Amino acid sequence: MALETFSNPRPERDYDIVIESPEFTSVCPKTGLPDFGTITIRYVPDQLCIELKSLKYYLLDYRNKGIFYEAVVNTILDDLVAACAPRRMEVTGAFTARGGITTNVVARHPA
Amino acid sequence: MALETFSNPRPERDYDIVIESPEFTSVCPKTGLPDFGTITIRYVPDQLCIELKSLKYYLLDYRNKGIFYEAVVNTILDDLVAACAPRRMEVTGAFTARGGITTNVVARHPA
Amino acid sequence: MALETFSNPRPERDYDIVIESPEFTSVCPKTGLPDFGTITIRYVPDQLCIELKSLKYYLLDYRNKGIFYEAVVNTILDDLVAACAPRRMEVTGAFTARGGITTNVVARHPA
Amino acid sequence: MALETFSNPRPERDYDIVIESPEFTSVCPKTGLPDFGTITIRYVPDQLCIELKSLKYYLLDYRNKGIFYEAVVNTILDDLVAACAPRRMEVTGAFTARGGITTNVVARHPA
Amino acid sequence: MALETFSNPRPERDYDIVIESPEFTSVCPKTGLPDFGTITIRYVPDQLCIELKSLKYYLLDYRNKGIFYEAVVNTILDDLVAACAPRRMEVTGAFTARGGITTNVVARHPA
Amino acid sequence: MALETFSNPRPERDYDIVIESPEFTSVCPKTGLPDFGTITIRYVPDQLCIELKSLKYYLLDYRNKGIFYEAVVNTILDDLVAACAPRRMEVTGAFTARGGITTNVVARHPA
Amino acid sequence: MALETFSNPRPERDYDIVIESPEFTSVCPKTGLPDFGTITIRYVPDQLCIELKSLKYYLLDYRNKGIFYEAVVNTILDDLVAACAPRRMEVTGAFTARGGITTNVVARHPA
Amino acid sequence: MALETFSNPRPERDYDIVIESPEFTSVCPKTGLPDFGTITIRYVPDQLCIELKSLKYYLLDYRNKGIFYEAVVNTILDDLVAACAPRRMEVTGAFTARGGITTNVVARHPA
Amino acid sequence: MALETFSNPRPERDYDIVIESPEFTSVCPKTGLPDFGTITIRYVPDQLCIELKSLKYYLLDYRNKGIFYEAVVNTILDDLVAACAPRRMEVTGAFTARGGITTNVVARHPA
Amino acid sequence: MALETFSNPRPERDYDIVIESPEFTSVCPKTGLPDFGTITIRYVPDQLCIELKSLKYYLLDYRNKGIFYEAVVNTILDDLVAACAPRRMEVTGAFTARGGITTNVVARHPA
């Protein structure tokens, strides 16, 4: 689903927005089993802010998608940057343990 | 309600005051449903300090006001800066989950 | 009560001493009701260290004194600096909630 | 077992991968008794990412190996750097208490 | 008891070793009553690492020794620096409350 | 707003439903200031279960109502019992601190 | 998917098995949005124990199924009782917040 | 100060009221030094409930009173029972550490 | 290795001994991969107490043994009961997550 | 040192006193190494209460005494029962880990 935005109410000021979604789930392309994790988005908006309801539906689209952890985080970052052109953005995916091993991925724009 | 101030007892020294109000509530302008959150104010006073009782009543005025998260935090920052002209101030709003998604907003003066 | 000091056993080395007193209480000058809080003192001694027992009695002297939060922290900092002339010192007062609002005050020497 | 890698899906961007394995165990070469700990690997991939399943089997190979804490952490760092040539990597071993004493070892590449 | 050392297995790399001993006890020289605390040692070894068993016995030697907090931490730092000549070292003593007041002491080499 | 119910899908079995609403707020009839708390409802349904959305709107009706803690909890219990005639029900209100004092109220049906 | 069982290795002794699955997800039949929760199964086996891998696949089958909380818990209990005829069993579903309200459901066999 | 009461709004139902005051302080009659603790009152009201503001002032009266822990808890229980004649009441005092030793006292009516 | 015992120093009194070993590991007979968990033993000794060092070596013997969770707990209980004939004993195995599912097993003697 | 007592101020009422001493240390008779733990004493006084300062000195006497965990707890219970003849008493020793294994001992009077 398409990400929507709204006009930043204070574009003249640098400020931070932090959004946390602990109910992220996608599918491992190798095993076909579900992955679970928390996605955290931290950004300084420029002219546009991310609309939360469309973000929720955007994240829901991963529910039955086969995709690796690294691609999840980098793709969300790319899509959000494309949608709202933030001054700075960081996306973190903190995934639950598989085989006794836990993985986090953190990507930033600009790198 | 009007924010009140009192004279900073040590204007010759830079020091920090941190005020946390975990009982903030306002109304979502889109759904008409209440929002809840914790407002944290961190500042270095110049000539004036914020009087706590008037701050409490000032925050109570948001109880039945329709306003988005980003505007809550930026407006509180603007009003407090106007009232006490601090050397530095940061306002954080940590709002409770909606649709499984949690949002924080942090604004600073000077930016 | 007078603050006492003893000779710093290692004046040739910069090191930190952190003292936490979670049983601080004073009286609000406006309402006459008691305030409660934790006082934390963090310093690098020069020639003198603060003697703990005299510090305990010094803090006890606030028990029935009417004084605001900002003055508590700045006065403790002033008195301790006068007593031991530290290289650096920071005093924090973390006071319990009043009217649903919590306040911390942090002052440093040199500012 | 050999560490495997896969192509970094976003080599043009610096991003972090953090992998935590709380089920690490090896053997103390002095006493012959097992050691237990959590291994955390934090890195910025260049062209290659570490494949998680091969990492799991690689760490399992320590289960019956006699090796000191310092060597565990430095060897894992060396092997992982050799396998994936990361831009930056940090390996931490947080080992459980022995004789009432807990030890952590942290090594970084480049140093 | 004498502190023992062993050869650093990776002297060509700067890395951290953190050792925590939560079962430290000594005696207050003023009251004759026992003091309790956690000693944390964080260092970058040069040619030598501290051997853990000898460290344990070294710390046990404080059990019936009358010594103030500041001297405990500075003496442990001096002895360990003398024994292993580390590139950097920090010793922290976090002592339990006495008279409702808690004290931490932190010393570093080089200062 | 009216509480709604739906048919218990397993009336032949005694089972527990526990509902927690941490965003409850009402108004103190004495001071006119808002109260905040968490309402927890624990019940064994008979023929009817409480519909959650109507419960949410029912609890929202207290937002601007002047009512004491004891009456809040007993009234919610009465209204829920009237709406769904449960086999057993317990309502707890855990209210935030006022004047440094915290209050919980717990009522049960049948008493 | 079918639940599988294996022979209880100690049928002559009453003992407890507790299985927790924090990655449960299903779909709300009213809104079409996903629900998330933790399913806990506590039972005393008779002749048969639940095989964990088949339980995992059984729970995965709820991922795209529209079903209410009360039915989730009672259906899992019914299916598990049918599969392994335990001496006693309790199933708990602890679901994440929706509209600021959290729901747990607990069912037992025999009731 | 005198404890005040108000009419129990639901005398026909047994229900619990739990009041916690973490800011209790009195004076040790032996040393003259202040004691600190949390007083918790749990009761089933009969015809009368304890009014919170008068309870707060009642507890404040201990601030400069010399009294042992056991007497604090038993006296508060006696005074509250005399004031409101509850069906059941339990008073707990959880006092902070002195000389490394922590004390709780719990008294109940009827015993 | 053989479990050793020593004479109960107070056989005329029923008292509890609780032993927790968080570093248990065995091997899954199906996958050949290691399992990890915490074993807790709670018992009332009769004439004999379990000697801790021999218990440690006894538990170490599971390190490379292929055995299911249910058998681990029931076998430890059987072996300990055979060794020390306690008045009552309970053994709990709390195993770490596999495939997102956590399992505990609890067995008691007499059942 | 001798345990002292004082007259129970409310012998006509059964009430609980809970004393926790987290700074207990003794010596293992087998290894000569120190043991550490928390001693918790829970009792209903009859005519006498335990005086805290003498209890503190009584517990200090174990500092250089060689004694096993089971004997520590049973001896403390015996000595306290002999000193104050309580209606009921329970002594718990929660000792820190040795060889990765933690032990608690709990004894009660009357058994």
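The chains carry the letters A, B, C, D, E, F, G, H, I and J, assigned in the order they are written, with residues numbered from 1 in each.
Throughout what follows, a contact is a pair of C-beta atoms (placed from the backbone, for glycine too) under 8 Å apart; a residue touches a chain by one contact, two chains touch by 3 or more.
The model shown is predicted, which means the values in this text are computed figures rather than measured ones.
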Intersection of the contact lists for chain B and chain I: A, G
Equivalent interface to D-I, taken from D-E, B-C or B-F so that over half of the residue contact pairs match: B-F
Geometric centre distance via CA averages, chain D-chain A, whole Å: 27
Inter-centroid spacing, chain J versus chain C (mean Cα positions, whole Å): 36
Chain C and chain F, separation of their C-alpha mean positions in angstrom: 45
Distance between chain centroids, defined by C-alpha means - chain A, chain G (Å): 31
Residue numbers of chain A (touch at least two other chains): 22-23, 33, 36, 96, 98-100
Pairs of chains satisfying the touch condition: A-B, A-D, A-G, A-I, B-C, B-F, B-G, C-E, C-F, C-H, D-E, D-I, D-J, E-H, E-J, F-G, F-H, G-I, H-J, I-J
Chain F-touching residues of chain G, taken from the complex the two chains share: 68, 70-71, 73-74, 98-108, 111
Chain G to chain A touching residues, read off their complex: 22-23, 25, 33-34, 36, 60, 63-64, 96
Chain C residues within the chain E interface of the complex: 8-10, 12-23, 49, 52-53, 55-56
Complex interface listing, chain G residues touching chain B: 33, 36, 96-100
